[in-house]
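Lettered A, B and C in written order, each chain numbered from 1.
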Amino acid sequence: MTNETLLSARGLSLSFGAIPALVDVDADLWPGEVLAVVGESGSGKSTLLNVLSGRLRQQDGVVWYRDPEGRLHDVHAMPQPALRALHRSDWGFVHQNPRENLRMSVSAGGNVGERLMAQGSRHYGNIREAAIDWLRQVEIDADRVDDLPRTFSGGMLQRLQIARTLVTHPRLVFMDEPTGGLDVSVQARLLDLIRSLVRRLDIAVVLVTHDLSVARLLAHRIMVMQRGRVVESGLTDQVLDDPHHAYTQLLVSSVLQA
Amino acid sequence: MNALSGYNFAYLDEQTKRMIRRAILKAVAIPGHQVPFGSREMPLPYGWGTGGIQVTAAVLGPSDVLKVIDQGADDTTNAVSIRRFFGRTAGVRTTTATAEATLIQTRHRIPETALREDQIIVYQVPQPEPLSKLEPSRAETRRMHGLAEYGLMHVKLYEDITRFGHVSISYDYPVLVNSRYLMAPSPIPAFDNPKMHMMPALQLFGAGREKRIYAVPPYTAVKSLDFDDHPFRTTRAPHACGLCGATDSYLDEVVTDDRGGRLFVCSDTDHCETRRAAGHVGAEAPTADELAAE
Amino acid sequence: MLQTRNLGKQFVLHLQGGLRIPVLEHVDLEVHAGSCVVLVGPSGAGKSTLLRSLYGNYRADGGQILVRHDGETVDIATAPPRTVVQVRARTLGYVSQFLRVVPRVPALDIVAEAARGLSPEAARARAAELLLRLNIPPRLHALPPATFSGGEQQRINLARGFIGGHPILLLDEPTASLDNANRDIVIAMIREAKAAGTAIVGIVHDTAVRDAVADRLYHVSPLQDAA
């Protein structure tokens, strides 16, 4: 067990006008670990995800990232090219709406292969083979490799987005409500897929969700946010089964069976 | 031909030429990089070579010999008009012979005759941005050039191979200049791309409507994008020129009658004529009797 | 292997105006390798709360829960969450009363993925072996257990708890929904685990099972409500 964090945030604060989106938030993520960030909409969980991933700049605080060579980087002080390269290689981002990430006029194979080509892969056959392999891993038939995403169902689109994200073997993936907007039966399949991929590939995940059952099934640890503050954090099952903060108790009691 | 009075040499005022020359210098210094310039209204419509004509006007000197081609031909309306334009506004000597020219403005072709160090070729460019069809945001394409993020262009090639079994781009085939900038070579056939590589002549590109100038300095690497297992290949119609018999030139298909008759001839008219003058004869060349009958 | 010192636990219900419910006080429990301690006491006395606290599922408010983990002593009551995850992965196993898993996963995979230090193939082979021993027929192995009967689900849970071979095992009513035949199999499995050196803490209402496995009883008495 390594004691070196993959991602570490200290004292993150950010306000939108008079509205506090983040108030003195600390967060740590170790390799291979899934951290869920839960809370109602407006609690600041998506803002936290965007700040942690360098897509949004905080007013106060710092986010440290440790690269595969063990060097620490202040995410918000990284030059733009380096941060963009990071987002294409060691990091991934899975959006709630896969259409935001996928190229809808490019075949499934092209979508999966893009990150490889961006990294300099120049062998068509290898790229295509990797794309087919990844489609298989996310349970999409290999014979759909040349089809356009617009012929895919919502669940397939989300799985395609995941394949597109994981093809470069990132160590850290940010997920924003990955099962949101999907039918319950489709959700279960996706959850199972994410869980087994994350476990098998030893990926660290920061998972933002309002769905406590998703957090329970996927996350090792959980952070509960309310009005920009982390009100409670700890082991997922402990926080959900023995919530201490009033807001967490309210959240847990508001769910039928989390 | 005498220069018209009342115009500055080569139509544009000296201030404008200096501005364009500065843009050209910057373009030469950063091969393949698109440099914005203050494109002027020219006495011809956009799409007819307003960018090329401004670049030509900015680099043209009194001792230059100008050749203008359109799709390889010296005798099409566009080529004739531009040649006459500079003949009248600059009084420079014009020619149709590639070897005689010091400055060649072209639309959609590179002459078959290899260019030399003492020559400049000016391309007319409708769309300078090679990523324009793939990424609608210009801010984003600028960022992609700035960071050399060209994976998306390869996605386009990937899609082509997937759909057609080969890259289907037959003209304006994207190139990487000096291993750094992705560049649109203007709508020349992919057949001409290899001529750009390590060309001894200076290559200048002007896009009037899009207000961009870019350049490839002499002896610069120009690589057509491809995959290791689908290398770039040039194609030409599998025929010999009907008039001069050339088997290595780029051919135009000419419909000769309304009964399906057709003829493949060199698109580079100067090249074809030079060969015929040297005695090369194609299968379809008119015989002496036919010429006499005309 | 497992020792609590002065362990205390209370619940504070913020939604009921901060109502305080103390459940455990001054719990001193000691379990050695190869022995089984069964928690006894009336319903509502806090047996389940204690068991869940030992696992870190409930957060202890006072005292220590010392666990021998990788040759060191870890206090579950104060250890950082990441350490508890590691302790659970390698040292502390738990068989709950109810099966809570991703709905779509087949029974065999649920059990196999709880295995430790085995290749995926070996884990699946061992999982199949355990399921068969617990009388789950092969035709059910490939099905998700959501539609299984209570007894079948409990046996899946048992297989999942035992496959890891954790040095410490916590059992919450492991035989509650089982018929006699299956109950005897579970008794045998618990005895084998003890013989292999496993320290076991359990809640077992069935006196026959309790007598068959317990080395010692630990009495949990209800506290006065101090609301």
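Keep this in mind: a contact is a pair of C-beta atoms (placed from the backbone, for glycine too) under 8 Å apart; a residue touches a chain by one contact, two chains touch by 3 or more.
Chain labels with UniProt names: A = Phosphonate C-P lyase system protein PhnK; B = Alpha-D-ribose 1-methylphosphonate 5-phosphate C-P lyase.
Owing to the predicted nature of the structure, the values given are computational and were not obtained by experimental measurement.
Chemist: What is the shape of the graph in which nodes denote protein chains and edges denote touching chain pairs (line, ring, star, complete, other)?
Modeler: line
Chemist: Hey, which chain is the most central one here, using CA centres?
Modeler: A
Chemist: Rounded to a whole Å, what is the gap between the Cα centroids of chain A and chain C?
Modeler: Between these chains, centre-to-centre, one finds 32 Å.
Chemist: Roughly how far is chain B from chain C, going centre to centre by Cα mean, in whole Å?
Modeler: So the centroids are 78 Å from each other.
Chemist: Measuring from the mean C-alpha position of chain A to the mean C-alpha position of chain B, what distance in angstrom results?
Modeler: Between these chains, centre-to-centre, one finds 48 Å.
Chemist: Where does chain B touch two or more other chains at once, residue-wise?
Modeler: If we look for residues of chain B contacting two or more partner chains, we find none.
Chemist: State the interface residues of chain A toward chain C in the complex, per the touch definition above.
Modeler: Interface residues on chain A, with respect to chain C: 1, 30, 33, 188-189, 191-192, 195, 199, 216-217, 220-221, 233-235, 237-238, 241-242, 244-246, 249-250, 253.
Chemist: In the complex formed with chain B, which residues of chain A make contact?
Modeler: Spelled out, the residues of chain A in touch with chain B are 80-81, 84, 88, 103, 106-107, 109-110, 113-115, 117-119, 122-128, 146.
Chemist: Taking the touch rule as given, give the residues of chain B at its contact with chain A in the complex, in rising order.
Modeler: It comes out as residues 146-147, 149-152, 154-155, 158-159, 161-163, 226-230.
Chemist: Taking the touch rule as given, give the residues of chain C at its contact with chain A in the complex, in rising order.
Modeler: Per the touch definition, chain C meets chain A at residues 11-15, 52, 56-59, 81-82, 84-86, 100-105, 113.
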